[in-house]
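Shared chain: chain A. Partners: chain B in the first complex, chain C in the second.
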Partner chain A sequence: MSLIKLLEIEKNYPDGLGEFKALKKVSVSIDSGEFIAITGPSGSGKSTLLTILGVLNPPSKGQIYIDDIDVYSLSGDRQADFRQTYIGFVFQDLHLVPYLTALENVLLPLAISLYPGKEQKKMAKEVLNRVGLGDKYHRLPGKLSGGEKSRVAIARAIVNKPRIILADEPTGSLDSGTGNEIMKLFQSLNNEGITVILVTHNNENKKYVKKNFLVRDGLIEVNQKWV
Partner chain B sequence: MKIETIALKHLLRSKKQFFILFASIVLSMTLAVLLFVVVDKLKTDAGNSFDEIGANILVVPETSSRDLTYESVTAHNSNNRGVFSSRDYISINTIERRDNIATVAPKILQPVSYQNLDFILAGIYFQFEKEIKKWWRIEGEWPFRENEVLLGYKIAGSLNEKNGDELLISGKSFLVTGILTEQGTEEDEIVYANIMTVQNLFGLEDKISFIEVAAYCTTCPIEEIARQISEKIPDASVIIMAEAVKTRENTIDKFASFSIVFSVVILILGFAIVSLMMITSVNHRTKEIEILRSIGYRKAHIADLILVEGAITGLLGGIAGYLIGMSGAVQTIKAIMPAASNIKWDMIPAVYAILISTLLGVLSGIIPAVKAASMEPIESIKRI
Partner chain C sequence: MGLTFLALKNIFIQKEKSLAFFLTISISISIILLLLFISFGMRNNLKKGYGEIEAVYTLKMNRLKLNMTYRGVPVGQQEVRKLQELPFDVVEYFKSLPEELKLLSLSFRNVSRISFNGDEIIAVGNFSPAGIPRDEQFFFAGYKLKNFQGLKGTTVNLPGLGNVRIENFLNETGTEKDNIIYYPIKESQKFDIIRFTSRLTSTQDIKKILTAKLPNYLSLLEISGTSKENDLRFSFYDELINYFAYIILLMIIPILLLFNVFGFSIIRGREKDFAILRVVGFKKKDIARLVFIELAFIGITSIFAGILFSIPMAFLIQSIGILPDFTIADIEIPLISSISFITALVILLLSGLAPISRASGLDPVAAFRTIN
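Presenting the complex of A and B:
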């Protein structure tokens, strides 16, 4: 069953006197529980696609339905609520808040939820334990290694129990061993039914993903296998 | 965790930035509190001084005939009616608001003739007149003995009397010890003697023609003091000297306006600086704010975050600024007004000061909050 439907999505950016077409009438469906890698050369429209999927960047034309909701027809506040409920982001630079500890960074999405304080802490500790940082709740990001920061970012992305995880080059700055550990973490989340979509250049990640969207010149080529 | 917790953590862990914001608020609150308290004390002191140097209440009998007058009070013959007794005069010092009474100056007026001139002989307590008429300047000495008199400027000229001359009034010889400098009022035409001498000379023992009262009106409306005097002396007309009260109010109002205007200017400047620093802070936190927007924070959540930071800084800065400002005011007043009473550390002004500071902290955060809330989450992703 389709969780995400993109219908004739176009995205144009102003380019001098004309327009640059980042995405050209793209239509794809993503089922619930898929594990997709978005690949393609630089400037091909990968990040644009990811931001559109993340309800962060409205398309110039076309519609996107997530769970049958026309997400870009929602008001700004409702879009924010939608992101909080449905989507977990893992940014390339992780973007942990430097003055908050690992635990507090994970608590960030919960701070605007209705969960009581105790429940919030319990949930945050559970996900930190799950990503292997049970002993580093109170470390500031500056005192964590690259791999540990990635784990905190993943913990922050999943603490709200989202249905979709969007990750941009999650292993880009990690060594091979740590990168594999992070990918295994995504795999285990996917095995629980979470739809995982990540932008990556790393061929080592092939073995984890189930489907590949190759973005080239604003068009998407859907491959059942990343080859 | 709540948004308030995030705001607090940011302030506590971004020590340098917090210190600059906090110091700015403390400085402006300190200056505002110090200025306000010192000027308020000066205002009270000036008001009290003003009250002491002139009567602002006149207690007169309810009579209407016009003869020789002094302070609009008619001087009658010895057997006149409408005079007070010493008991009435003393009763003024028993009103509920007696602490507001600075000086009570009773007088007996007696029309007399000397060298074919009719004039008023006023019996007064010279020590009280000195208190109530501090602007009086005397050529010579204030009378001290029971047979010594002070002459008004014009009557001295009319009688051609000088200091050291003698004056025979109703068979009693008086020595002129002083002549009042020209006042331009009825006082220039009066001869002043000891009140008891005049009472005894004319058989008016225990009689008083009218009473001048100088009352402190900083902490009590003068109307209330006049009402209480009326209750004590029912047959009297208690007149508020509107001109004196108006002049006092004008003078005191200038002090009040000065302190309020300058305190407000200092606070506005201080908090404008805080607002600018918060805008700079928001600019440095663009990435963080956009990430929060990406993970589901509404614009209102982001605005709350910035406003709460402003409120916390304003609250803490207000507490510190009040304490430092009050301490500074106490020391300043000790230095410039050694005789002044101590300043009271009341809770209510403290609460007001802290509330104002907190409110201004929030107001300072409005522009930065609007700026922060207007950031779109996509910006952070574009930079990835």
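Presenting the complex of A and C:
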């Protein structure tokens, strides 16, 4: 059974007096446990698709069901709850809070949870260990390398044990060696059963993913292999 | 980690902004408060210094009946019956009052009115002055004006009477008296108060004297002092208070603006941070709560510091002696401080609404797009 179902999703952005069609009637299904790369030329709508999947960006038309829940019909608060429990987001720019330490950045999603402080710290340290930053809890992002920052962002994305990880060009700013390490990290998370969907331009990443969505001109082409 | 930790961290990270917020608000608050302290502290001294200026005190008499005579003659059958129940001789009592409790006038609900001028008590009320037929009975109010001749021909607002043109007033014998005017009052304008002028500084002082004089009946009297009476309208003191009130009102507006500006300044440039929080599952109200805690923390500490700072400043002003009429002892510091605290808090909350809703209403996707 598919975990995510997009039914005729359209997204229009206001563009001057008219509208710009960023996504045009996109329908795809994504099964639980998939590892998908979204590729396509710049401006084709990849990030738009990702934010729609991430319950951050309501589509102009169509429905998206995640775990059979029509997510955009939920109230704003329930959407936030949904994000918190289902989705981990990793951005190209990582968006770490610069004045919070690695540990505190990872604690952010837990700040509104009901876990007691001790439990929160335990969870955050666990995921930091998991991404290989067991010795850098108290470093500020400015004192971390690009790859380490990516790991913090990934740790923050997985601290709530989400079922889906969405990543927008997570290796875009990394050298190929570090990029490969990060991809391996995503792969191992995928092996644990997390559905991983990432936008990437990098051809090197093709060896890790199982499926490729090629976005072109607001339309999606689903390929079993990278094209 | 909770929201409070995050809020405090944000405050300390934005050191410069937070400090500017804190200092500006606390200094403004302490200036306002100092002005308040000074105006209250100078009040009584001013009163002492200007002999003309007298406070008006009001004694409420609860179900008190007055044994009233008019130059030895009982005034009105009905009233006499009622008035006879009064447990003490009011005329004697007021005659015996010390100089500082100079009685201006007395009046009783639905009965009559007694005025006191110097050592003579004049009853005015439910009876006719000379020249008016006895069956056309009037109620009269007596007012002692400081500058009766000077005010002649002008219109003055008198408590209980409203605007009254000062001319051709009759006293009880049908002639003008130096500084007392009598004016017929409407049946609906009932009095149940005793008013008197006093140069004593506080209701406590008056209470003390009355307790000595009227030990058995004090429970029947309710004493309230006031400086806001129309009688004081023209006094210098009133002008001064108005002047301070004016300054303070003027300063509330910049404070409101300051709160607002600082409220926006502490969320400025943090669009991306708020967007991150939204992405990881914060609800709009969680963001609102976060910003609220930050604003409340800086706001409350700065208001508090402003108040705390103004108190030693007031002592300093007193000890330097730059304001000769100013003494701390006359100030009700806790009262003024707590009222100011609450007022400032309300202003803070009101002016925080806009920045809070701005921060919580941000669209995370748009925030990421515009920042990068």
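The rule we apply is simple: the second predicted complex is superposed on the first by the 227 of 227 C-alpha atoms of A that agree within 3 Å, B and C clash if a C-alpha of one lies under 4 Å from a C-alpha of the other, contacts with A are read in each partner's own complex, and residues count from 1 in each chain.
Methods note: contacts are C-beta pairs under 8 Å (C-beta built on N, C-alpha and C of every residue); 3 or more make two chains touch, one makes a residue touch a chain.
The structure presented is a predicted model; accordingly, all values stated were derived computationally and were not measured.
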Clash or fit, chain B versus chain C on superposed chain A: clash
A:D93 touches, of chain B and chain C: first, second, both or neither? both
Chain touching more of chain A, residue-wise (chain B, chain C): B
Partner chain(s) touched by A:V222 [first = chain B, second = chain C, both, neither]: neither
First (chain B), second (chain C), both or neither touched by A:L110: both
Location of chain C clashes with chain B - one stretch out of 81-89, 135-143 or 351-359: 351-359
Overlap of the chain B and chain C footprints on chain A, listed as residue numbers: 51, 54, 56-57, 76-77, 80-81, 83-85, 89, 91, 93, 95, 97, 99-100, 104, 107-112, 117, 120-121, 156, 160
Of all residues in chain A, those that touch chain B in their complex: 47, 50-51, 54, 56-57, 76-77, 80-85, 88-89, 91-93, 95, 97, 99-100, 104, 107-112, 117, 120-121, 140, 156, 160, 168-169
Complex contact set, residues of chain B against chain A: 1-3, 5-6, 9-10, 13-14, 287-288, 291-301, 377-378, 380-382, 384
Touching residues on chain C, where the partner in the complex is chain A: 1-3, 5-6, 9, 13, 272-273, 275-286, 364-365, 368, 372
Residue ranges of chain A in contact with chain C within the complex: 51, 54, 56-57, 76-77, 80-81, 83-85, 89, 91, 93, 95, 97, 99-100, 104, 107-112, 117, 120-121, 156, 160
